[in-house]
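In the part that follows, the structures are each spelled out as C-alpha cells.
Common to both upcoming complexes is chain A, partnered first by chain B, then by chain C.
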Partner chain A sequence: MLATQIGYYSLIFGLIAGLLIILLSIKNYNNREIFINPKILPISFLQFFFVSISFIGLILSFINSDFSNETVYNNSHTTKPLFYKISGTWGNHEGSLLLWLLVLTLFIFLFLVTSSNQPKRYRILTLVFQQIIIIGFFLFVLITSNPFSNLFPIPQEGLGLNPILQDPALAIHPPILYIGYVGSSIIFASSLAAVVENYISKNWARHIKKWILISWVFLTIGIMLGSIWAYYELGWGGFWFWDPVENVSLMPWLCLTALLHCIIVLEKNLSLASWVVILSIASFTLSMSGTFLVRSGILNSVHTFANDPERGMFILIFLFILIFIALFIFFTFFKDNNLKKIKINWISKEASILVNNWFLMYFLAVILIGTVYPIFLEVITDEKISIGPPFFNKLIIPFLIFFLIFMAIVPSLNWIKSYLRIRITNIIFLILSIFLSYIVLDRTSSETLILTILLCASLYLFFITIREFFNKRFKNISQIVSHFGFSLLILSILLNSIFSKEMITNLKVGEKFNLKENIITFEKIENNKSKNYDSVIGYFKIQDKNQEIIYLKPEIRIYNEPTTITSEADIKTTLYTDKFLVMNFVKGKEYFNVRYQLKPYMIWIWISTIFIALGGFISFFKKEYAK
Partner chain B sequence: MKIVRFFFIFLIFLNFYNLSYSKDNEILKKKISKNIRCLICQGQSIYDSQSDFAESMKILIEKKLNEGLNEDQVYEFLKKRYGQWITYNPDFNKNTFILWLLPILLFFVGGAIIVRKLIVQKL
Partner chain C sequence: MQNRIKLIFISLLLFFCFLILFEALKKSNIYVPDKVLKKSLPKFKSQDLDLKKEISSDELFVDSEFYLLNIWASWCLPCRKEHSILMELSRNPKIKLIGLNYKDKFTNAKKFIDKFGNPYSDNMIDTDGTISIELGAYGIPETFIINKNKKIIKKYIGPLDQNSLNEINIILK
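On to the complex of A and B.
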C-alpha cells in the first residue's frame, strides 16, 4: 500500500526533475560559463534516484503480493516463487516501461559523468534531447500505463503470471535487451546535439563509439537470451522463427552493427558523417518502434503477451514527434562543409565498410518490409497474409552468400588505398571449403544447390577468420573475435539445420522406440506437486550405439494460477549435439505424444553469439588510439 | 582460378544430379507443416504446435499427400480452403509484388548510391 503511494509520487517527482533540468539547461546553454551548471548533475542523479525508488516500490509490491496494486493483481500470485515474483515486475507492460525509464535516467546520468571532457553546449543539448525522450516516457507511464493504480476492494488473490514467462532466461532477458534499446537513445540524442553544434568530429566519434558498443553488446546478448528461451521453453526445438517480435529486436541490431562499422570510418578520416547521423536516428527509431509494435498488439506473435491498442497510439504519436524533430534538426543544421573530404578509393577499408553497410541495410529492409507489410496490406485491401521463414530465407540467403565471401576477403584491406592480394592459402581454403561442403551434403539426403554454396561460403569465411588469429596477432583483436563469432554462428546454424533429426511418436509407459542412432525407452511417469504447479515427469532412457545411457526427464506442468499446461523439454547438451525431448498429453488417451530431436552443434550457436558480443566488449575496454 | 571454376561447375552438376522428385512423404509432410500457420495459435506453425487444429491439419496434409498431390498442390488446396493467411510463404501476386520486389529494388538503389559516391567525389 505504502510502496505503491511512494512509487507513484516518486514518478511525479522524477517528471518534475526532468522539466527542471530542461529549464536549467536552456538558461545554461546561452550564458557564457565554460562549464555546465553544477546543479544539473545532482538533479539528474535525483531523477534517477526517484525512478529507482519507484521501481523498488513496485518490486516490493510484487514481493509482498500487494493486490491493491492493479499491476500486481494482474501479474502475480501468492504461490509464485520469490524469484518470479521479482521478475514479474518487468514481465508486464507497466513494469517494463518503468524499467525503460530507469535505464533512460541511469544512462543520461552516466553520460553526464563520463563526458566531462566534451564541449559544454554539446553536453547540454544531448541532455535536453534525452530529457525530451524521458519526459515523453514519464507521461506515457503516468497517463496510459500507470504501474501504481489502485484496486478497491482489494482482491484476495492475483491472476498470476503467464507460466511460460516463469523462466530464468526470460527473467533477465528484458533488462538486458532494454539496456541495448535504451543505449540507442543516448546515441540518438548525442548525434542530434552534435549536428546542431556542428561537433561531428573524430573526437565525437571516439566518444560516442563507447555508447554504440554498450548498446550493441547488450542487444546481442539480449537477443541471444530470447532465443535460448524460445529454444527450450516453447517446446518445438527451434530458436528463431522470423517471428515479428524477433524481427523487431533484430532490426535495431542490424542498424547498430552498420553504425558500429561506420563510426570507425568517421573516427579515422571524417567521412560518412551524414550517414552516421542517419543510422543513429534510425537505430533509436527502430528500438522505439520495436516497443510500439510489441505493445500495440497489431502483430500476431508467439511473444505477444499483453497489449492494448491505446498505448500503441501514444507511442506511435510520440515516435512521430521524435522522428519529426530528428529530421528537422538534421536537414536544418547538418553541414559537412567544414569536414575535410578524403577521396574514397574503390579498394580500401572505407569502401568495404560502405559495402558492408549496403548489405546490412538490405537485410534490414527485407526484415522491415516483411514485418510491416502484412499490417499495411490488411488495412488497405483487407487481405490477411502471413510472412514467415520461406520469405526471409529466399530473400536473405542468396545475398548472405555474397556477404560472407565479401567478409572473408576485405577486412585485411588497409585504410585509404589498398590492393587485393591473393594468397596461396586463400585458394587452398576455398578448395577445402568446397570439398568439405560437398562431403557434408553428400551424407545427408536433402540438399539444394543454394545450401551447398552457402555452406561453402561460410566454411571459407570460417577458415579465413581462424587464419586471422594467427596472422596479425592482437592487432585488431576485437574485430577478429566478432567476425570469427559471426562465421561460427552461420556455420553452426547451417550444420544444425542440415543434421537435425527428429522423430515424433506416441508412446505408452514401458514402450520402446528404435531409431537409427538411439533406442528410446519410456520407463515410467511420476507425479509431483510443487508450490504453484503439479507436474507429470516422464523418465526416458536413451541408449546410443556405444551403449551409453542417458536419462531425459521432460515435464508436463499444470500451473494452477492461471490454469495452463506447459511442457518443459529436457535437453542434454554436449559439445557435439543436443538431445531434446518433450512430451505432451494426448486428449483422452493413455499414451503421450513424444517428440525427440537430435540437434547437433546447438551449443555453438550460443557460444558464437557470445564471441560476437565479446568482440564488442574487448573493443569497449581497448585503449583509445593515440592521436 | 580455373580450378576454382571447374570445382564450382562440378558442384553444380552434382547437385542437379541429386535433385530428385521422389521425396518421401514423411519429409514432405514435415516441410509443408513448417510453412503452414496454426490458425488458432499465436504465431506458430502447425509443425510447432500441439493444438487440436494443428494435429488435424497434419493428418489432412498427410491424407492429401497420400492421395497423390505434390507439394505445390497441397499448398494450393490449403490456400483455397483457408485463405492466404495460412501459408508463411506468400504468393507473388498483385497484392504482394511490392513485398517481394521492394527489398531487391532498394538493394540496387543502395548500390547505385555507393557507386555514385565512389565515382563522383568532390575533393
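On to the complex of A and C.
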C-alpha cells in the first residue's frame, strides 16, 4: 500500500522537475552566462531519482504481492518464483512504460554530465527537447496507464503471469531493448539542437557517435534476446517470424546502422550532414512508432498487452507532434551551405557509404511496407490481409546477395578518391566460395538455388573479413569484427535452414525410432510437482552414428495460475548442432507425440550477433581519430 | 522555395498517415462480434488434415447442437494466443469444433497441432483461401459460431479471449 502511494507521488514530483528544468533552461538560453545554470544538473538528477523511487516502489509491490495495486493484481500471483515476480514488473504495459521513463531520465542526466565541453546553448536545447519527450511520457503514464491504481476490495489472489513470459531471456529483453530505443531519443534531441544552433561539426559528430554506438549495441543485443526467447519458448526451431513487433524493432536498427556509417563520414570530412540529421530523426520516430503499433493494439501480435484505443490515441498524437516539430526545425534551420563541399569521387569511401545507406533504406522500406500496409488497406478498402514471411524473403534475399558482395569489396577503399584493385587473393576466395557453395548445392535439392547464391556471397564476405583482420591487425578492428559477425550471421542462418532435419512421430514408453543414423529410445516418464506447476518429464536416449549417447528430458508443464499447458523442449547445444526434442499429450491416447529436430549451427546465430554488437562495443572504447 | 514545397509535401503525406492511423485506431474495436449474422453457412468441400480425404461440409456439420468454425494457420501468431481458449472450449460436449487451416504448409499445420494440442474434432484444409472468402472471412484468426440449423449466429474477428469465451458459454447454456 505504502509503496504504491510513494510511487505515485514520486511520479508527480518527477513531472514537476521536468517542467522546472524547461523553465530554467529557457531563462538560461538567452542570458549571457558562459556556463549552463548550475541548478539544472541537480534537478535532472532529482528527476531520475524520483522515477527510480517509483520504479522501486512498483518492484516492491510485486515482490510483496500487493494485490491492492491493479497492475500487480493483473500480472502476478503469490506462487510465482521471486525472479519472475521481479521481472513481471516490466512484463506488462504500465510497468514497461515506467521503465521507459527510468531510462529516459537516466540518459539525459548522463548526457548532461558527459557533455560539459560542448557549447552551452546546444546543451540547453538538447535538454529542452529531451524534456519535452520526458514530459510527454510522464503524462502518458499518469493519464492513461497509471501503474499505481488502487483496487478495492483487495483481491486475495492475482491473475498470474502468462507462462510463456516466464523465461530468463525475456526477463532481461525489455530493459536492454529499451536502452537502445531510448538512446535514440538523445540522438534525436541532440541533432535537432545541433541544427538550430548550426553546430553540425566534426566535434559534434565525435560527441554524438558515442550515443549512437550505445543505442545501436543495446538494440542489437535486445533484438537477439527476443529472438532467443522465441526459439526456446515459442517456436519449433524458428527464431524470426517476421512478426510486426519484430519488424518494428528491426526498423530503428536499420536506421541506426545507416546513421552509424554516416556519422563516421561526418566526423572525417563533414559531408552527408543532411543524411545524419534525417536518420537521427527517423531512428527515434521509428522507435516511437514501434511503441505506438505495439501498445495501441492496432496490430495483433504476441506482444500486444492490451487493446486500448485511448492509449493508442495519446501516443499517436504525441508522435506526430514530435515529427512535425522535427520537420519544422529541419526545414527552417538546416543550412548545408556553410559546410565545406568536397567533390566525392564515385569510387571512394563516402560514395560507398552512400550506397550502403540506400541498401539499408531499401530493406527498411520493405519492412515498413510489409508492416503497415495491412493497416492502410483495411482502413481504405475494409479488406483484412496478413503479410507473412514469403513477402519479406522474396524482396530481401536478392538484394542481400548484392549487399554482401558490396560489403566485401568496398570497406578497403580510401576516403575521397580511390581505385579498385583486383588482388589474387580476392579471386582465390571467390573461387573457393563458389566451390564450397556448389558442394552444398550438390548435397541438397535444387530448390535452394537462390539460397546457394546467397551462401556464396556470404562465404566470400566471410573470407575477406578474415583476411582483413590479419592484414590490418588492429587498425579498424571494430568494423572488421562487425562485418565478420554479419557474414557469419547470414552463413549460419542459411546453413541452418538448408540442413535442418526433423522427425515427428507417436511413441509409447519403451519404443525406439530411427532417424538417419540416430536411434531415439523413449525410456520412461516421471511425474513431478513444482511450486506453480505440475510436470510430466520424458526420458529419451539418443544414440548417434558415432555411438555417442545423450539424454534429452522434455517436459510438459501444467501451470495452475492461469491454467495453461506448455511443452518445454529439451535442447542440447553443441558448436555443430542443436538437438531439439519436444513431446506432447495426444488426446485420449497412451502414446505421446514426439518431435525431434537437428538444427545445425544454431548457436552461431547468437554468437555472430554478439560479434556484430562487439564491433560497436570496441568502437565505443577506441581512442578518437587523431586530429 | 523548393524547401517550402518539400515541407508542404511531406506534411501532407504525414497528415495522411496520421488520418489513416487515427481511423485504424477506431477500427480496432471490430474485435467485438460483427453484425452479419443469421446467414446460413455456405456449402463447401475440402481435404481433411488428418484423414487426407475429401470431405463435404454436409458430412461435417451433423449431430451437434452448436458448431464452432475456426480459421487458423500455423504462421499466425494471434492464433497461438487464442489456442488455449479453443482447448478449453473443446472440453464442452455441447459444441463441436471444426478447424479450417488457411493457406498453410501441411507439415507446419501438423506441428502446430502437435505442439499446442488439438481442440478440433475435424480439420479442413483451405490451401488457396477460397473457402474462407466464401465464408466472408476478413482475415485470420476468425471464428464462427453456428447453430444446428447451420445458421451463423455469431462471428469473432481476431483472436478469442476470455470475454468471448464467456459469451460463447452463455450461448451454450
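Everything below uses one rule, namely that the second predicted complex is superposed on the first by the 617 of 627 C-alpha atoms of A that agree within 3 Å, B and C clash if a C-alpha of one lies under 4 Å from a C-alpha of the other, contacts with A are read in each partner's own complex, and residues count from 1 in each chain.
In this text, a residue touches a chain if its C-beta (ideal position, glycine included) is under 8 Å from a C-beta of that chain, and two chains touch if they have at least 3 such contacts.
A quick note: this is a predicted structure, and the numbers were derived from the prediction, not measured.
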item: Partners on chain A (chain B, chain C) - clash or fit; value: clash
item: Which of chain B and chain C A:327 touches, first, second, both or neither; value: second
item: Contacts of A:431 with chain B and chain C, given as first, second, both or neither; value: first
item: Dominant contact partner of chain A by residue count, chain C or chain B; value: B
item: Partner chain(s) touched by A:381 [first = chain B, second = chain C, both, neither]; value: first
item: First (chain B), second (chain C), both or neither touched by A:593; value: both
item: Touched partner set for A:584, first chain B, second chain C, both or neither; value: both
item: Which of chain B and chain C A:389 touches, first, second, both or neither; value: both
item: Which superposed partner A:143 touches (first chain B, second chain C, both, neither); value: neither
item: Partner chain in contact with A:362 - chain B first, chain C second, else both or neither; value: first
item: Partner chain(s) touched by A:509 [first = chain B, second = chain C, both, neither]; value: neither
item: Superposed model, chain C segment overlapping chain B, candidates 73-81, 145-153 or 163-171; value: 73-81
item: Interface residues of chain A shared between complexes with chain B and chain C; value: 234, 236, 241, 243, 300-302, 383-386, 388-389, 567, 584, 587, 593
item: Chain A to chain C touching residues, read off their complex; value: 234, 236, 241, 243, 292, 296-298, 300-302, 307, 309, 312-313, 316, 320, 323-324, 327-328, 331, 375-376, 378-380, 383-386, 388-389, 504, 564-565, 567, 582, 584-587, 593, 595
item: Chain A partner contacts - residues on chain C that touch it in the complex; value: 3-4, 6-7, 10-11, 14, 18, 20-29, 31, 75-78, 80-81, 84, 87, 107, 110-111, 114-115, 117-118, 138-140, 157-159
item: Chain B-touching residues of chain A, taken from the complex the two chains share; value: 234-236, 238, 241, 243-244, 300-304, 341, 343-346, 351, 354-355, 358, 361-362, 365-366, 369-370, 373, 377, 381, 383-391, 395, 399, 427, 430-431, 434, 438, 445-449, 452-453, 456, 567, 584, 587, 593
item: Contact footprint of chain A on chain B as seen in their complex; value: 3-4, 7-8, 11-12, 14-16, 18-19, 27, 34-35, 37, 41-45, 47-50, 52, 83-90, 95-96, 98-100, 102-104, 106-107, 110-111, 114, 117-118, 121-123
